[in-house]
Amino acid sequence: MKSLFSIVALAAVLLSGNAFAGSSDTKVALVPGGPHPYFAAWERAGQDAVKDFGLGKADYKVPAEWDLSQQNELIESLVGKGYNAVLVFPGDAVGTNKILGELDDAGIPTAALAGCVEQPTKAKMCFGTDTGHSAYLGTKQLIDAMGGKGKIAHFTGFLVDPNTTLRIKAVEKAVAEAGGGVEIIQVIADIDAYEPADEKINAFMAAQGSEVDGIVTTAWVPAVVAAQALTNMGDKRIKMVGIDHDEVVLTAIKAGFVHGTMLQNPYGQGYIGSYAMDKIRSGCTFKADAPWKSTAQTDQFIDSGTVFVDITDVDTYVDAMRGISLEILKTFEGDFLDC
Amino acid sequence: MSEFCLEISAANKSFPGVKALDKASFRLRKGSIHALLGENGAGKSTLIKIITGVHKQDSGKLFINGKEETLNNPNDATKFGISVVHQERNLIRRFSVGENLMLNNLPKTLLGLIDYDEIAIQSKKWLEIMDLDIDPSAVVSELTVAKMQLCEIAKALSLKAKILLLDEPTSSLSPKEAENLFSLLRKIVRDEGVSIVFVSHKLEEVFNICDEVTVLRDGQNACTSENINNLDRKKLVRLMIGRDEQIVKSTRKTDKIKDTVLALNKVKTELGHENINLELARSEIMGLYGLVGAGRTELVKCLIGLEKITEGDVLINGKKTAIDSPKSALEKFKIGYISEDRKKEGLILIHNVLDNTSITIWSQIKKAAGLVTDGMIANKVNPYIRKLEVRTPSNYQIISNLSGGNQQKISVAKWLAAGTDVLIIDEPTVGIDIKTKAYLHELIINLADNGTSIILISSDMPEMISLADRIVVMKDFKVNGIVENDRDYDVVSSKIMEFIHS
Amino acid sequence: MNRTLAAIFKKDWFGLLIVVLVSGLAIAAVKPAFLSPFNLYVLMVSTSYMLIIALAQMIIIAIGQMNLSVGAIGGLVAISFSGLMEVHQISVPVAVLSGLVIGIACGFLNGYITVKSGISAFIITLATLYIFKGINLGITEAEPFYNIPENVKNFGNAKIGNTPIPFLLIIPIIITILMWVFINRTETGRHMLAYGNSVQSAELMGISSSKVVITAHIISGFLAAIAGMLVVCRLQLGTPNIGDSWLLPSFAAPVIGGAVLAGGKVDVIATALGVLIVAIISQALVIFKIDPFFVQIFLGVMILLAVFVNRYREYKQEVRRKIFSSE
Amino acid sequence: MKYPMNKKLPNFIFTNQFGLLFLVLIFIIIFSTVTDGFTSRFNIFALSRVIAIDIMIGLAMMVVILTGGLNLALGAIGVCAAMFGGWCMEVLGIPIVPSLLLTLGMGSLLGWVNGIITVKTGVHSFIVTLATMSIYFGFMTMLTEAEAFRRLPDLFTDFGSAKLFNKYVSPLLLVSVATCFTLFYLFRFTDIGRKLIAAGANPEAAEVSGISVSRMFIYCHVLSGFLGALAAILLTTRIGAAIPSMAGQLGMDWLLPAFLAPVIGGTLLSGGKLSVFGTMLGAVLVTLLTNGLYLLDVGEFWIRFFLGIILLLAVLLDRARELLTLKNVIVS
């Protein structure tokens, strides 16, 4: 798969860039919310972190289902197995806190990766994308592309996911800032499965396709399906800003059917996250005056980089990502850690 | 070709725990109606299952038209022209009559698709043989039970059956329908060259139509292919139960019957009963007699609140009352109903003896916090289980493992335990062997003598006349007449018949 | 003539047909866009694979069982189908064929175990659901297959001439017709319904349970396979998630179509209309911009309504049956 | 409890529970020898907590299966109840105990609605609860706007992480086990319990025998809702907040444990026969397996596959046992 190759390339670059020495007994577990292509890069990132920073282990462990309890069970079993640091994409922004607290009591440092848990939390940090913020930026991009006026539709994921509510609010915020010119004509949610997404999004296109000028999608599946729909319709009038790096979206960008997408940095998250965990286990602590960003959910947030990619840089987004990852890594210890 | 179309010699069959057949033999003469008799558990059903290929005999030979054959499954039996009409209705209720008849070899068009016109034509032929005037496209579920029965026989014939097994065919038919059935049987034996194995507990019927008799007792032959003319009822019974039959002749004095416990006054029901007026006195046995579809069971079901009474009054001990459910019938008014349909409404087959016998009394005997232990139950019901001589290895035996007779005893026992004032007994002895039957008759009389009022529904005329004090004759959901029973069979039965045909 | 008319009124699908027409016209009256060619196209597309999914469940309902693994089979076939083409460069026809084989195999497994063990299909298919989905995830590790051959993609988008009718709809239509013939006009089909009506009676009539049950499950697997591949054509990628969302709609449509879960009563046409109704509703919800929060409630209420209607139609019949069947 | 129960002890060998107990022990031995960390304090504690919740969910489904029906809305009911409870505690500031009672009340109420509809329409509860699932869950998301209630009283949330018996066991497990004994008493030693079972086994016969079947069925649904709410409470203390996604989309993440435990535990899907302790052991077995498989490194993506296989083996094994025991039954 292309995305994988690019990640390998990125890895190579990072390798040459920085040689960290020393070996430790840190055994990091990278636990996504469930089986999902977004996290695939974590596996490679973990392996590289082991090589580069001499960790004991940094394994990518996927819950059998996209289900909070399953994730908790997995994490608990991993701890039972002797993993002593956990990077987790919170199965629920609130619900995951409890187990993080318990891990902390057991002397196991944890951090939220790719998505945040809401404070108060025992997670050392949230290293990832501010879901709200990226939705906000994406919408901004879209509004610019639309020339500051027009009708917007917003497609997003499960309503029961607190992030969804954040995204809806963020999009509204961006629209509000754009002044009267832009309005949201429809929000379609709960389409994290492909078949209903296909049905609903196309139904929307059929009913509103002529009126709507822009589409912003803030979840993986809607992004893929909407990109697909626009491609099938051969419609280049409607501007769309997607999210993440699914090939369908990227191809649609190249083909000009999708204006751009908000990329996140899964590899960097896994790579630097593992590094940070090791540091913390080796006695480092976060500085009091660390340059935290703060988000709707937490004020211990470190941005893993959110890049807007459009047709001009879609082929080179890997480099863009690399740049950011290197940046973060260079300054990470200095800025954040007390060792 | 031998003169016997079916022959079984020295068949043995045992199941874990019992030897069902012990060198049993059976010969069916071509073109004859052959009675296969025996108490429940004597091995009849096992023999039938062997003939129909459901079971395989452990040892012994099976000949068809003089050739030895082995039947591995029911289909084999069908191939040899053997087919059976079971006690339970076995038609597909949502399918049309025609399709049911043809289901095993549905006529097809050139494309291999089902040809419904052809079904109608072919099935019509068989229906006519059974003198059945039904549209083949009629849905089975809308037929009367009697017609379903005839359809099943028609179906058997349609399978080119040369050997027809009828298991308790009249158990749910009225005498008239039974007589009609018999003439048809004689007809198909004559015209269609069919030979019939006839299984029944009603000996009158056996003498009525059978040519030869084979009796099984404890898995062995008590007699084999005995000509009916060499037998009389007495001999036959001795062959079956190994001793003489005590015929229950009620010597009850009806004059001691006084105060009315239950009265129906101009009752009209949701199911279509019109203007029903009845009075039931304390310790009276009131018979409800009528043809299938006369609305007897339906009436009592309305009475105990399973169906709605739309007009008229129900008076209990003179008080106007509305019974909305069997629950209140039992708990408020102490009225019980022993269903005709043991398996469906009578018993919980997957539960054990104890629970089935005590189901009616849990609320009665519960202690604080609803406590009901097996011990408490056993104390209450064991007397009745003993009284009725239920044969079961333990109180924890699952009901479905008991014989039909014992099952029936349980479904009676639970109502005795409940100690009701009014007991409605629906077809108490259908498919019950003579011993148990006699026993149940005595029991019913004792109950009445001890002050319980009984409504008895039965299609078995002798039974009705030997038990009931008064016989209410119903027809088309109406009461056609009431016969005071002076226990003179001929007089009473002819009176009843008049009312039925009036 | 009158008799045939009366017969039609009695049919399960008649009421539904009315519902479809009325609701369709009503929506169109308010939003003419509803009848726009593109919208009709979308409607037919979503109907196309849902139709097959519903039939895959219906055939199992017919024999009085349930198949919880319909979606899992569909998903497994979907990823095998696309995987074979992407990873092993297998030609489309061969890929389709192997897809069908896998579906049939899964169905056979369900049927065979159910018959031989005598355990309720509900449990067996619950277990196989996990097995099939497990294989799916094991193979893909949750990564979709993207490189679907162009001709497959085109098939997923093409319309017939300049009508709004999608190619995707052709196969489902054919299959629906075949299923109708199978259920109503073939011996095996009738035997299945007979079995669904009463296992005991069917066996006494010499109908072989194992044949009936296994065949039904094979058909179910076969249909699930087709549905899975159609979805791939439609989405133009083979993602492991295909099938995850099938279970509820697969039951909803037959039930709205008046199927009896106890078995023995299903109606192909009514089921098809059931699918159409569900599709129309979920479209209406989008067209009328119904608050996303309402959507769930709406679907639930609809299923209940459908059920109430069916019950009401049966009610009087039952009273009559009570009179005859007892005694 | 296998119902109806045979007193003679040797027959226990043939009961479903014995088979399960056996399997559980076998797997415990296997896992504790071949995996590292299975017997670790942390793991056992974690197990005890997961088991506690799965038992409760299993029991909640069991009491509806008893009627020969299903309760697909179980998860939805649980979440609705939990959210309601969270609202009581956080927004209304009602003290813990009354809040919990209200939560249980809400669960029972929703169960009651299921029961009423099922009984009045005579439609199979599968369809009814399929519909109410969407309805309940829809209303919940609408009213809460998917906002979680996370500022719950510490006393309440601490309960979920409290450790007993030398930090090996969670108090949640005690709650579940206590519930098991209560249900065992109900079904084995009370008139109402016996009536529930009779009604489930053969509604017609029960009705004719003077039991109000519809009332019994409604009781079962109410009980199911009640236990569902109880499970939701346990889950809330365990994750420290009442969150709409605690049982997944439409609450369907609960369905698998809900079915596995009773079914493996020997509860008859056609109704009228249940096994409280069987359900308990079923939950233990399934949780044990998941945990063990995670520890065994079979590769996370394959876990579902192996779970499916083992589930299949478990039911087939149980079936074999049944056939074996049937042989000692007298034929007559």
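A, B, C and D are the chain letters, set down in written order, and residue numbers restart from 1 in every chain.
By our rule, contacts are C-beta pairs under 8 Å (C-beta built on N, C-alpha and C of every residue); 3 or more make two chains touch, one makes a residue touch a chain.
Keep in mind that what you see is a predicted model, and the values were worked out from it rather than measured.
A.B. asks: Report which interface contains more C-beta contacts, comparing C-D against B-C.
C.D. replies: C-D
A.B. asks: Centre-to-centre on C-alpha atoms, which chain is most distant from subunit A?
C.D. replies: Ranked by distance of C-alpha centres from subunit A, the top chain is B.
A.B. asks: Could you tell me the distance, in whole angstrom, between the mean C-alpha positions of subunit A and subunit B?
C.D. replies: Once rounded, the distance between the two centres reads 73 Å.
A.B. asks: Averaging over Cα atoms per chain, report the distance between subunit C and subunit D in Å.
C.D. replies: That gives a centre separation of 30 Å.
A.B. asks: Using CA atom averages as chain centres, what separation in Å is found between subunit B and subunit C?
C.D. replies: 44
A.B. asks: Mind checking the centre-to-centre distance between subunit A and subunit C? Centres are C-alpha means, answer in whole Å.
C.D. replies: Computed from C-alpha means, the inter-chain centre distance equals 36 Å.
A.B. asks: Quick check: what residues of subunit D touch more than one other chain, meaning two or more?
C.D. replies: 141, 145, 301, 303-304, 307
A.B. asks: Give the residues of subunit B touching no fewer than two other chains, as numbers and ranges.
C.D. replies: In subunit B, no residue touches at least two other chains, as defined above.
A.B. asks: What are the residue numbers in subunit A that touch two or more other chains?
C.D. replies: Residues 35, 62, 64, 159, 190.
A.B. asks: Check the chains against each other and report every pair that touches.
C.D. replies: Between chains, contact exists in these pairs: A-C, A-D, B-C, B-D, C-D.
A.B. asks: Considering only the defined contacts, which subunit B positions touch subunit D in the complex?
C.D. replies: Result: residues 15-18, 20, 41, 304, 306, 325-327, 329-331, 336-337, 339, 344-352, 354-355, 359-360, 362-363, 365-366, 369-374, 393-394, 396-398, 401-403, 414, 418 of subunit B touch subunit D.
A.B. asks: Considering only the defined contacts, which subunit B positions touch subunit C in the complex?
C.D. replies: Within the complex, subunit B touches subunit C at residues 74-75, 78, 84, 86, 88-95, 99, 103-104, 106, 108, 112-114, 141-145, 172, 270-272, 292-298, 301, 307, 340-341.
A.B. asks: Give every residue of subunit C touching subunit A within the complex, in rising order.
C.D. replies: 31, 33-34, 36, 38-39, 41-43, 45-46, 49-50, 137, 141-144, 146, 157, 231, 234-237, 239-242, 244-246, 279, 282-283, 286-287, 289, 292-293, 295-296
A.B. asks: How about subunit A: which of its residues touch subunit C in the complex?
C.D. replies: 1, 35-37, 40, 62, 64, 159, 185-190, 193-196, 198-200, 202-207, 209, 221, 224-225, 228, 232, 246-248
A.B. asks: So in the complex, which bits of subunit D are touching subunit C?
C.D. replies: 117, 121-124, 126-128, 130-135, 137-139, 141-142, 145, 250, 256, 259-260, 263, 269-270, 299, 301-309, 311-312, 315-316, 319
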